[in-house]
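Per-chain residue numbering starts at 1, and chain names A, B, C, D, E and F are given in the order in which the chains are listed.
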Amino acid sequence: MARKLKQLYLVQRPPIKSENPKLAYTHAMASQTAEIYLEDGEEVIPTLAMVGDGVYNVVNNQQLMKHYGLNSNENHVQMALLIDLKVLVCKEDLEARGISADRLADGSALGADMTIEVVPFSEIQKEMEATDQILCF
Amino acid sequence: MKLGVILSEAVRTEETYDRLQAEKLSVVLAGNGIYHAVSKKNGKASEVLSKKADFYVLTEDLESRGFTAGDLVDSKIKPIGFDGLVDLIMDQHDKFIWL
Amino acid sequence: MGKLTIGVFSSLVGGTTLDFSIRLAKAAKDKGHDVYVWTSGNGTMLSKTGQRAFKDYSYLAKICEELAAKGVEFVACEACAEARGYHKEDTFSVFKRHSMDWYLAKCCQSDKILHIGGE
Amino acid sequence: MARKLKQLYLVQRPPIKSENPKLAYTHAMASQTAEIYLEDGEEVIPTLAMVGDGVYNVVNNQQLMKHYGLNSNENHVQMALLIDLKVLVCKEDLEARGISADRLADGSALGADMTIEVVPFSEIQKEMEATDQILCF
Amino acid sequence: MKLGVILSEAVRTEETYDRLQAEKLSVVLAGNGIYHAVSKKNGKASEVLSKKADFYVLTEDLESRGFTAGDLVDSKIKPIGFDGLVDLIMDQHDKFIWL
Amino acid sequence: MGKLTIGVFSSLVGGTTLDFSIRLAKAAKDKGHDVYVWTSGNGTMLSKTGQRAFKDYSYLAKICEELAAKGVEFVACEACAEARGYHKEDTFSVFKRHSMDWYLAKCCQSDKILHIGGE
């Protein structure tokens, strides 16, 4: 049953407490190499969406390497942008937390063409309806 | 869409549930999510139950925590087992999510 | 009959999320569905061999063996396991280890998935 | 510095999600065998107190063995009562959840003389002040 | 009593904090607890900060999450490092708890 | 100078609660305090040998070795470790393993404790 599968990775929780938000990025990025397990004509097309406290994952200038020697989720979202994944962040949830658009992770220093898209929740609801599968983190 | 949702926490740590919309919505209370089915905090049922949805509670998880079907705060909540959950997932909804 | 992929990313030892996943897998298999189980993150604990069967801790080795014998496939995320110090020789016999793309491919080839994140 | 140490084990979260509430019971019970590591005159005297969703740990008739093959925290609190540990449960938090006193774990079947004491939070506050150390679970 | 408290969660899963009483109370926001120090949800500071207490935020955890002292929503919150935390625990309080 | 016992019961891999505990232990030791670290529950992960040093996961083996050399004592809960399949031969060299009464005794003999539960 060859198909182009759309997956929505819905990141609802802040970084660092658990590794699950990070695993949203690493799993979505694995779509690039899934072809070794796929049949001809099959493809996995992931979209990442940050909602609720999940928006904290894409705040820029995360100094996790400096203080704990660890890659931050900012690093991971930059990599996701670099390989052209669609990354959405909920506008209402950013505003509610007082996080302005200039505080968001940016992949351009790594050479990414894609940027994080700030969208109202209604857009994310549409993605939830249009996608084949939803994976909540 | 026909969406199924599993809630597994006594204290929810996401904000998604409150704004979920679906033509058909089913909510399965499992794990510590079963406390939403039995607790009347200060006389009020959990806000989880105020959603327009079909509600289910996993019998194994309800009984594992010392409660029974007789403790359910609302008769709209239907006890199911893993067998029933499989049918909800495989046959009756487009997507099933664990919040 | 359909194909179901269960991705288990959570469960503290002491919680029953892994138990939930395996019981769901069993119920689905018993109904005739094909079932695939992916463990990642803290869920990779399930693939660790040599866990003692205390009555205070979930012990799922036996039911996993029974399900594997019936055709349920179990795969653990290799990187998540290595990061925890679970190497190839620590891996419970019913488990294969692959990278994350295996999970995405199985999702693509399944009728339904249940992705268990949380925590 | 020989001393009789008072410890308060404050259990704030429900059972099963994490093993931590269970570890409150098992650690408190370890006070019985701590003497092998203690000097003469030293003693550890634990008190267990359940507050908030922690009160769910001591609801009776937990069928965790039947469904999951596991000892429940009801079993652990019965053992704690059997070895004469003081077990407090917050009255307001029980009432808020609609749990009546006859729904609480009982160690008498095992031969325990002690019973769970239902007390107002003000009593638990007093324990917090009088104890040497507080361990929150 | 002189009580120190460490809060480490963005969404609290206990109810103890709200009713804690102590003659001297210090609250250290660490881990994901730092979000209480920087977030004004819908213009309002976190309720955590309404407690009568001395407030501290762990600099390492603040910066690890992309924030700095300039982002603190209230000037009463003092940034400290592990060094300062050791003194709070060893010298300035009777008991220190991690909620 | 005083004695501090730190009990670490939590941390998911991916969280930094264990990192927090070890950094606190280091800061206390550097100030001249005696420090004891007890790991139980998911905290016993710290005592597991052979964890790969990925940049995506906390890797605390080196700092623990340095602290042990300075006299910080590390002890893991034996039952919690066994339940996870971490046996004696899986135990990182700086760790001893004892039963829970060791922790209570150390608490009794310390000026201050920080018990890190949560989860």
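The rule is simple: contacts are C-beta pairs under 8 Å (C-beta built on N, C-alpha and C of every residue); 3 or more make two chains touch, one makes a residue touch a chain.
Note that the coordinates shown come from a computational prediction; the quantities given were computed from them, not determined experimentally.
With steps allowed only between chains in touch, the distance from chain B over to chain E comes to 1. Any chain touching chain C that also touches chain E appears here: A, B, D, F. Between the contact lists of chain B and chain D, the overlap consists of C, E. Comparing the residue numbers each copy contributes, chain C and chain F share more than half of them at their mutual interface.
Seen from the Cα centre of chain A, the chain whose own Cα centre is farthest off is D.
Chain centres here are Cα means. That of chain D falls 24 Å from that of chain F. With centres set at the average Cα position, the gap from chain A to chain F is 33 Å. Touching two or more other chains at once are residues 13, 16-20, 26, 53, 68, 133-136 of chain A.
In chain C, the residues that reach two or more other chains under the touch definition are 12-16, 41-42, 56-57, 79, 113, 115, 117-119.
Counting partner chains per residue, chain B shows two or more touched chains at residues 9-11, 13, 31, 60-61, 64, 95, 97-99. Every pair of chains meeting the contact definition is listed here: A-B, A-C, A-E, A-F, B-C, B-D, B-E, C-D, C-F, D-E, D-F, E-F. Taken in their complex, chain E has these residues touching chain F: 6, 8-9, 30-31, 60-61, 64, 81-83, 85-87, 89-90, 95-99. Here chain C touches chain B in the complex through residues 2, 4, 15-17, 20, 23-24, 26-28, 30-31, 33, 111-118, going by the rule given at the top. Chain A contributes residues 13-17, 53, 56, 59-64, 66-68, 72, 74, 96-98, 103 to its touches with chain E in the complex. Within the complex formed with chain C, the chain D residues making contact are 16-20, 22, 26, 65, 68-71. By the touch rule above, chain E contacts chain B in their complex via residues 10-13.
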